[in-house]
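Both complexes shown next keep chain A, but they swap its partner, so chain B is in the first and chain C is in the second.
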Partner chain A sequence: MTETVSPLLKIVVAIVLVIVVAPLVVPLLMSISDTAYIVFPPQGFTLKWYAAVLTNPEAQGSFLFSLELASIVTIMSLILGIPCAIGLTRFKVPGQDAVLGIILSPLIVPLIVTGVALLQLFSIMGSRATLLQLVIGHTVICLPYVIRSVSGSFVLTNRNLEDAASVLGAAPHVVATKIIWPQVRPGILAGGIFCFIVSFDDYPISMWLADGNHFPIPLYLYTVIERSFDPSIAAIASLMIFFALLLVLVIEKVFGISLARLAS
Partner chain B sequence: MSNPASISKTEGGSVTLRGISRSYGANQVVSDINLEARSGEILALLGPSGCGKTTTLRMIAGLVQPTAGDIAIDGRPITDLPVHRRNLGMLFQNYALFPHMTVLENVAFGLSMRGVEKAETAERAKRALALTHLTGFEDRMPSALSGGQQQRVALARAIVYRPKVLLLDEPFGALDKKLREAMQIELRQLCNELGLTTILVTHDQEEALVLADQIAVMRGGRIEQAASAREIYERPSSHFVADFIGTSNFISATILGKHDGKTTLKSASGQLFESLVATELGIGEKAVVAIRPESVRLSATGEATEAINARSGRVLRTVFKGQTLSVWLEMAGSEFVCALPIEAIGASPPQPGQIWTANWSAERTLIVREQ
Partner chain C sequence: MQSVNGTIPLDPLPNDGALSGARENNTKFSRLVEEAWSRFSSTRYTGFFLVLPALLFLGVWFIWPVVSMIASSLSAHVVDGVTVEGFTLENYTRLFSSDLYFRILARTVRVALLTSICAAVFAYPLAIAISRGGPSLARLVTITILAPLLVNVVVRSYGWQTILNKTGALAWALKQVGIPHPPALLYTEWAVLIACVHVYLPFMVMPLASAIARIDRSVEEAARVAGATRLRVFLKVILPLSLPGLAVGASLVFSLSSAAYVTPQVLGGNFSPLLGTLIEQQILTLNDWPFGAAISTLLIVMVLAVNLVFLKIVNRRFARWTEAAR
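This part shows the complex of A and B:
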């Protein structure tokens, strides 16, 4: 850790960080502007846009629905993704690469195409179950994140530890809970968080599959932008950023897993 | 203070392997191994990498299922017993300490798996740590320990529940030479004190000689020779064993005659050898004469001579090694190495370019199989 970092690397890293963080700061600043329309840099200071958004029943409903949807999708993705990741990393199955390719394909195909395809499929089936459709759609695009992250953590597990535990008298289920789980927990949590955030932020899939009663927050944000152009849009965007940040911080506090480890 | 001696001596179990084989597809890794580790004995499986020694150890542990054959401890077959019910102790190559548990939790793991009550578990784990000189390290994490300390934790963890058999997989490979030697002696003492039957896998012949009562030299999945350390060294049965354990000079020869325990051999160049070492090879068979460097005496002849059990050659180089002086002679295009005790060197030691004659006694002339 005492390696000297070249100044050039420091500059490049600083530039990258600015590029990543700057767009997040812009809506934060715009959201406190005491004007009837969005301006940058902000003029004056007010929190009224936040108050407007937080007391708006439509915004509340969309926010709660997105929470519900993201929670169901995360649980579904973990239930499907963990066994799949175990199968892909611990066993030799014919056609393994093909399976992995199909699962990861939503990362390659434009989301909007996946959304249209799902819409066509559901309409052929005559489906009216909007929540289920959204759950399926989001799970399809979230699963790659879970599987990548979970299989990564399984690849990194030290098989020697499992052998050692068995020799010491641990039955297979004890090895799973006491030896494997502590090693893969960070990867599973990271996968779950990614999954939650991807679902929570999704627009292109929801756009095709949602209806008036199932209206996720990114869709609501878009309709607000179409209707008006006041700083409440920036306030919603800021709240979404705060929410994602809060989520990561809570996980870090509760599970003691650092952001750095999640990223690796 | 806890009393280290309070981990009482248990009767080590005898381990018997009968016709053990293991193959992966067409690849036969271990073929028909028959071996017995007697109660309380330290047995070393010694061989180059890929000889099947680790697979054999893992089959005893139950981590690999044999494709044929039986394993028994104290005569009771364990081949079908799952790993976690075999009640063995095992030390892994890189210690395999659980990184998310403290030292004490690591050591206590085996006891809690056996349903030992909490207070007793802690008590016994502490005693095992005392036995491996780690009192005071209970609450450290394994990553905060040095290699030698991690090794001791692994050892305490393996013996705390008093297994009858201890398995060691290249246990000292990661330690530096000094520490390795200290740990070897400590381990040997501990195993003897506890009466543990110990099976050790190593590629280091010196380690096998230091630790083991019995050495099984393996090659290509088979046992080349299994005997006491001394017998392996002094009576190697094959060219491979004589080459793998210690250093030897080899000369191909044919057996001319056997008479009164004395075997006469002749090399391709016509040189005669006499040996008092018993061999199962018969007259007319091809053999290899092996001479240990330390069995050789040197005399300055000044000119080339050739007699029974004596050969002369030009000194290529000499290397001072502390207790011995190694001298390389050139003989018929190949090198012949001699190790002279320092006190046996007179006022004029061998110098490169001189002609010296090596000779050795018939008791020290080993006859080994060609293959």
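This part shows the complex of A and C:
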């Protein structure tokens, strides 16, 4: 077949991609600048900003708290989401459309509004359990993704394989572990990873529900940007970018899931 | 699930003494599980029971709070710091009659609209490269577009600060080409717009790419053979046939950018707040819950309206067009 993409288009694409990458590369350059303020091009070379960030107990605390929160939220979402996906795809559910509407509705309502509504409810209830509130808030926004991803993988399973296995005498638990599990595993994994990322990166829910002792890393980053101007912010930003790159590598190489699938 | 009750489990391995005890226990246990499962899965309500936990969770922690928030925007208003109970539309009339609040509302709609339009302009070349380019080009573009989604939105917004700053990368680049005093961009609506387009671009590219991938290549080739230029092929074939993807992308980008909080705060500062910032101020600073609830309700209505307009009407039109073409 002939060339379907013109050279002009390739040039335009290259320019757009450079613009897309620029705000992620410029902080990297500025983080090594040996000046007391942010300047481009960077002057001198130092790693002292990285040392300052990595030894900062507040930054460490927020990072670890976010990891903990995202892990709990992922487990919660999978526990609630997998049975729900099985119910929706394998059984008749009365009022299926209404159920689906409720389950997917958190994807439509703006996150910041979901956060306000929850804060209002929690303050009426007089709740002080911040960790629990954050877990609930994040699970509300993660659950629809998990259910969508897991349902998708159950819909795609080949029922003939199960029938064949049963006819040949495989017990239901064997069918479940040897036939169904390998087919739905990528969907469950993708849903779990996506859930983890959504929770780890969330700002608009946490901004309402967090407090000083439960301070996720996105909130910490924001307060640092607001109050200081030296290149240590660029260093934190760079570390977060490296963390994201690491995630891309782990997702693609270790789990063998392409980014495109995760986003779909 | 399957009608397997009553089939005899085959034993594919020869029994040897050391394993047989464990195997027997194992089968006994699995029999129990099987029996429990078959009893559970054969009722009419199995699906309902499986769905129930998630449904209850979202009912209690999402539907209820959102509905009661909408109700609270209609059932009280605050006058000089004192809450007056009773049905009222005061919170909504205030939003539209006050010049300050109306400006913020207008800015939000403007930024969200412009973000959608700019994102579409940038997204088309990328989407064509993904769906029509070779595998390596498609992969390069997909990864470069999606990887930033894993970077926290605070960091992505901050990245633009380092570019648009007075001592930032853009000012330096402009100086190199002979513009020593460019107008300040940071903390203006432009900065908010630029960063919003960057942050929400992937949500436009992906639906567009899948819409373009669904277009039959022979239509494009026929147009090319008939002598159409690449631009004409784009305008007459790709653009109209990718409209459903554009509708999905535009409604996503509009919804996300109209409710954006972090990006406008980091790049607009206190000079160009959007509705998200207004909600935060009313509730956390001024403690005016009913008014905050009213702005939140307005955001929900805006997002629902845009989704309805883009997805329902555009898709119906599109169905009619393609029907007529056949």
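One rule holds in what follows: the second predicted complex is superposed on the first by the 214 of 264 C-alpha atoms of A that agree within 3 Å, B and C clash if a C-alpha of one lies under 4 Å from a C-alpha of the other, contacts with A are read in each partner's own complex, and residues count from 1 in each chain.
Rule of thumb we're sticking to: contacts are C-beta pairs under 8 Å (C-beta built on N, C-alpha and C of every residue); 3 or more make two chains touch, one makes a residue touch a chain.
Predicted, not measured: the structure shown is a model, and the values here were computed from it.
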| item | value |
| --- | --- |
| Partner, of chain C and chain B, that touches more residues belonging to chain A | C |
| Contacts of A:182 with chain B and chain C, given as first, second, both or neither | first |
| Partner chain in contact with A:171 - chain B first, chain C second, else both or neither | both |
| Partner chain(s) touched by A:190 [first = chain B, second = chain C, both, neither] | neither |
| Which superposed partner A:161 touches (first chain B, second chain C, both, neither) | first |
| First, second, both or neither for A:106, with chain B first and chain C second | second |
| First, second, both or neither for A:210, with chain B first and chain C second | neither |
| Touching partner for A:19 - first (chain B), second (chain C), both, neither | second |
| Doubly contacted residues of chain A, that is, touched by chain B and again by chain C | 163, 166-172, 174 |
| Residues of chain A that touch chain C when the two form their complex | 4-6, 9-10, 12-13, 16-17, 19-24, 26-27, 30, 37-41, 80-81, 83-84, 86-88, 90-94, 99, 102-103, 105-106, 108-114, 116-121, 136-137, 139-140, 143, 147, 162-163, 166-175, 197, 201, 203-204, 207, 217-218, 221-222, 225, 233-234, 237, 240-241, 244-245, 247-248, 259-260, 262-264 |
| Complex contacts: residues of chain A adjacent to chain B | 158, 160-161, 163-172, 174, 179, 182-183 |
| Complex contacts: residues of chain C adjacent to chain A | 1-4, 7-10, 30, 33-34, 37-38, 41, 44, 46-51, 53-55, 57-59, 61-66, 68-69, 72, 122, 125-126, 128-129, 132-134, 137, 140-156, 158-163, 165, 167-169, 171-172, 195, 198, 201-202, 206, 217, 220, 230, 255, 258-259, 261-262, 265-266, 276, 279-280, 283, 289, 292-293, 296, 299-300, 303-304, 307 |
| Residue ranges of chain B in contact with chain A within the complex | 61-63, 82-90, 92-94, 96-100, 109-110, 113-114, 157-158, 161, 167 |
